[in-house]
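Each of the next two complexes has chain A plus one other chain: chain B in the first, chain C in the second.
This part shows the complex of A and B:
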């Protein structure tokens, strides 16, 4: 008895330690024991060819399966080495030289070398391919040349300087030059294992993926990712709540609030995203609209007045339940480097707006605003019917402008009809849309700001700039595109942002917050503002099977 | 001996002629349906628009190439002629929205719809005819009220709502199709059975003590049968129509979901093929029913 007394605490301590250790080990094991992450794609991927990607679903697959030379860290917004250990830009901004990682193989076992990079770039820059990824590298006509210096070193030369050249490689998934599997041979953490058209996609862990964690363990942790194709957001949320899905990459503010109310830990608001919602007036000379209306829309005072008469705080508060910020301009404050911090969001000043309108000869009569010739100020805003927040914003703009005596008609159209009206027939007065910005660098917006561009929405494809400020914007955009020094580029683009604020060709409304839902079973996810918001670090995400089972 | 042989031969030729006429009519209607569909899509607003036109990363050359890719569809007659030429050689074109050959899309999706709509249709028929038969056989007011209320309720609920309910309740998609088709079958078959059972010779048969099974098999079904067969043909097209909202909302990768996507993106090659396919199935189902009714009528006479 006596002998046993001192032994009991020691034995119980031993038992406790064993239990604790086994618990800890099982917790680690359950967190890092592979498993299958499940979430939804909102549409069928149009292609598995990484160089032809131009839709969200294909982008997600490319991100999860493709290996890139450099990767933009979605958290720090800084470039990090990936398949390239290092890189060097030439002073003239025309050439980039990569030092590649060695000992890396594609998912089918074929070795990765500079030949694959050369093959990828040559295919990407083939003009007949019409790749949007390739078009981003096209600053002027002329061929792109690749020079294989060694199997682990390659120089790529472009005919003209390209601004932010290194960042563009974040979008270029390297393809194998020799593998018979073509795009199925990948360098990313996962590979496509099964595709059921219209239903689901299964990505399995790439056994040849080169990355390891700090303990030397091969990444990714997950065994597989199942992507269900589900366009209905109600169904997606329902399945998430049932525990059938582990995350929702982007959710609307209504769903977010409902989820936050029922399960606060699962709803994530990462703050203002890069995306912006805005409206603009049709300034196209040949547009089928009355001349007097065209004259209003072409007046800077008129556009400024409309901008000042819109209460952006209310839009953010009411339409997005506070999950949006009043927009400042073409660059969201979330874009750490390119945002012009001297600019502020337009404040709601209906009195100042009325003064501006009166300066242009507008006047109030029986509560209605009339122009100099006595025409009642009335116009329609077209927007897409599939976006409830945008419809609600249009209605709120209608109310705000109604206070100035302006009659606004809101017209919702399905997307093809809307595109036809705004980009082919120009049969609209004002339009409201959103810009989904995936590129931090403003060079990706060249086709918006150049007056000759197709996407210069308010007055596209001008043979020569029709206004002095558009000519100035053309000059500044070309200057930032050809300068190698980031500071000089920023100066030029800051001025573009200021011109946009002065001339108001686009009336920026809000920057929506990046909202997502992540199950408690998912560990290591760090939802951010850059796409793909929730799974940008998919190779390091783990699943806690115990928590998943308890959902 | 010669007379019955001649008579059988004549009857065969008469049926063959009727079948040939029907097939010719089907072919003409299918071709016309395809052309009509192509014309309607061509005239729809936003026909020529592509979402990628708003992509600022696309160069002017790529934008131009994008527009030119649909240039062949502007002249609808030329498009249709080229489509028919391709179809004869087994090429049904390529979907704009999904970037895949239409043939492979239809091959992948058709079995899903066949299964969902088929099971839904079968369930609807079992449910509706059982309920209709029971209501007529027992003539209990409770059955009558129950059947009318349930079928009336499902008749009032839009197909999309039933599809959403099936999603919320985690029920299979074919159940939604069954509930969409059920009231149409129930109401019609109930009336048919009621009329048949009200006929004097069935009352006489009952008075003579014939079993209900025999009355049903020998007296009721021969009266109601031909119209039920005709109804079966119609319900095939109802089930196919119901498959569109059900598959789109339940995320079932069938023809209905494909049709929904194609309509939203004005995908001309896909829409024309889907119209041709659905028209063909509907007409074949209806014509099959017609031929069966005709053969039954001939057999009786």
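This part shows the complex of A and C:
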């Protein structure tokens, strides 16, 4: 027996453990040692005032710098406490009471209290501010009142019930009532440190940010975020490939496939997003289009036939390289709660479409479809010239409808001309556009479905509903907007979705997938379908400096 | 005829013949979508592959060549004739007329054409056939593209006005339109040719740019302009070199046209 040896293995094991631990710790340290995350904004931010935000770039900055009372988890689509520890809605849906977190300070060191919430709400609801965030809270005329119950408790009362009231606070970044720095004093994980107009924006970590991780470490992990202002997507992709950028929040399917082919681990397809592309016919009574065409467009059979004659699977497969899903209706299946699961995407049935048209007196003659009076069925689809996918979809719809003997002229217009035609002059026959939905709640679609609304695209601003089904939609949308019970709201909105499927005022085409690119150096990112797709958990994102250096 | 000109002649003839024989060479046509094979690489069935929606690129190049080779020179002719009338006459007349023409062309060149074209598009009806849209597009280009050429021509005509042979012609009793047509215009021919040939590729590319405003050739009809728009966003040429064919064809055809002209005609 060798008694002198036993200590050695134990010592070497100890050395090994020490080495392993130090390696592990250094790995953790390198992953969480701060660093600068870099990505692009597609345009100049229009404002740094969180209550006036109305554009994508300003939204991103507000998300990264603003502190909110409640936060919608972009992954689970559930509301989570943030600056408010808890909240309570009154039964009539008019009042919400927040219990606030204590010991929280703004980035400039000033304390956060109910006074700041009251100040923010009063400023938000000031009609002179013209805040689009505030518009969501305006259910009827009358003042919004705030009552400070204690420094950590506040009740906000609205003149009329607001459905989904608590979710709206996800968009309200709390401002300081007393700080001389005004909007520069923030409660979010980052604060604006430097802004070079037209070039870049630097956000530094907010040392006063209140959140901590499960180990008690103060968040965010990152030291800073550099946002370069870059509208050219080619340049953005090239810079990402060169390792100069860490994220691309939203990318096109073409770029996605190229990236996936060269670096499969960096391209992320989170599945169907909330965004939808659709087309519709002009049903405006005073529109400068021939009466016989107006009669076609006003026929439900005609609209249904067009819908059934479009091959949505081909649109998703060809135009979006498979990174889109045939659309079902106004709500994407990605919207877990509000989607009506009884509805299915329209299947491609050209024969059934022809039967529907024949039921309305249309008939084929020498390969061309004619109506009862012998007019050849021909119409134009206007769409925006800057969108390649939409141009391609229009060309494919042109071919699909050509098989039914319908002649379609595709007209691409610059966006302002297009908007003028569809919303002011109504000088168009059919239009194809997309809807970028950032709000899960159907209240965000009130301005589309109410017959009196400006965005009721097929026949806007009606003094009284012109059809029975539009009257029913008005009633149902108002009912869901005033009901406090989510189940009742869902019942009403499900019926709205069914009416849309029956009457086809919008012919929904596809829901694009949420595509993004995330560098391998970025750890903790969980790209999702809700905006901001890649950096919604920016306070928990870390950078692996070793991997970044090797890119 | 030197070898280069012979070669250019053959190239132009082959391209013209192929575009005229598009119906036979590419019987599938430019609009048919082979949806089972979008963005396909070249194959026996599709010599240049297919575009994003599965249309045969070879057929589209042939039909697009036919349209662009016919209409871009037609538009160039319109603009050159207008330039000759405005610039040539102003230069010949000189003095007040020259100053007026130059002022007018300067004003014309300084107008924000992008916005005016948007207005023009807004005035056009939506339901126009693709062929009509082609004609409208190139007519607009022809009518709007004369100003730069007119400026060049006015300078050349101004120089001619004071030349010895014009003085001699005047001294011989020749004046007015007869002097312009017999002595001035023929001497402006090299400049006119040069302006004409320069205008063709400019108009082809302008047509591609107009597509962004919705003024280009309407789908599904192809043109060199719309084919060149396919190159937007192409990051690596090495992966899909066949997509460069429309661009190469444009370069080859334009170079051939230049070679077909004599040196005297090109060098103005």
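To be clear about the criterion, the second predicted complex is superposed on the first by the 532 of 551 C-alpha atoms of A that agree within 3 Å, B and C clash if a C-alpha of one lies under 4 Å from a C-alpha of the other, contacts with A are read in each partner's own complex, and residues count from 1 in each chain.
Assume contacts are C-beta pairs under 8 Å (C-beta built on N, C-alpha and C of every residue); 3 or more make two chains touch, one makes a residue touch a chain.
Just so you know, these numbers come straight off a predicted model, no measurement behind them.
Trainee: Pick one for A:399: touches chain B only (first), chain C only (second), both, or neither.
Mentor: Second partner only, chain C.
Trainee: Using the superposition on chain A described above, determine whether A:44 touches chain B (first), chain C (second), both, or neither.
Mentor: In the superposition, A:44 contacts chain B only.
Trainee: Going by the contact rule set out at the top, does A:232 touch chain B (first), chain C (second), both, or neither?
Mentor: First partner only, chain B.
Trainee: Just to be sure I read the superposition right, which of the two partners does A:420 touch: chain B = first, chain C = second, or both, or neither?
Mentor: After superposition on chain A, A:420 lies in contact with both partners, chain B and chain C.
Trainee: Go through the superposed model and pick first if A:54 touches only chain B, second if only chain C, both, or neither.
Mentor: Touch status of A:54: first partner only.
Trainee: With both complexes overlaid on chain A, does A:222 touch chain B (first), chain C (second), both or neither?
Mentor: neither
Trainee: Check the residue A:444 against both partner chains and state whether it touches chain B (first), chain C (second), both, or neither.
Mentor: A:444 contacts chain B only, not chain C.
Trainee: For A:197, is the partner it touches chain B (first), chain C (second), both, or none of the two (neither)?
Mentor: It touches chain B, and chain C stays clear.
Trainee: After superposition on the shared chain, which partner residues are touched by A:454: those of chain B (first), chain C (second), both, or neither?
Mentor: So A:454 only meets chain B here.
Trainee: Show which residues of chain A both chain B and chain C reach, each in its own complex.
Mentor: On chain A, the overlap between the chain B and chain C contacts is residues 234, 238, 413-414, 416-417, 420.
Trainee: Going by the contact rule set out above, which residues of chain B touch chain A in the complex?
Mentor: 44-63, 65-66, 97-100, 105, 108-109, 112, 164, 167-168, 170, 248-254, 257-258, 261, 264-266
Trainee: Can you list the residues on chain A that touch chain B in the complex?
Mentor: 44, 46-47, 54, 127, 130-133, 135-136, 138, 196-199, 228-232, 234-235, 238, 242, 413-420, 423-424, 433, 439, 444-448, 453-455
Trainee: Mind pulling up the chain C residues that touch chain A in the complex?
Mentor: Result: residues 31, 33, 35, 38, 52-54, 118, 121-122, 126-130, 211-214, 218-220, 232-233, 235 of chain C touch chain A.
Trainee: Flag every residue of chain A that touches chain C in the complex, lowest number first.
Mentor: The touching residues are 233-234, 237-238, 254-255, 258, 311, 314, 318-319, 378-380, 382, 385-386, 388, 391-392, 394-396, 398-399, 409-414, 416-417, 420-421, 427-429.
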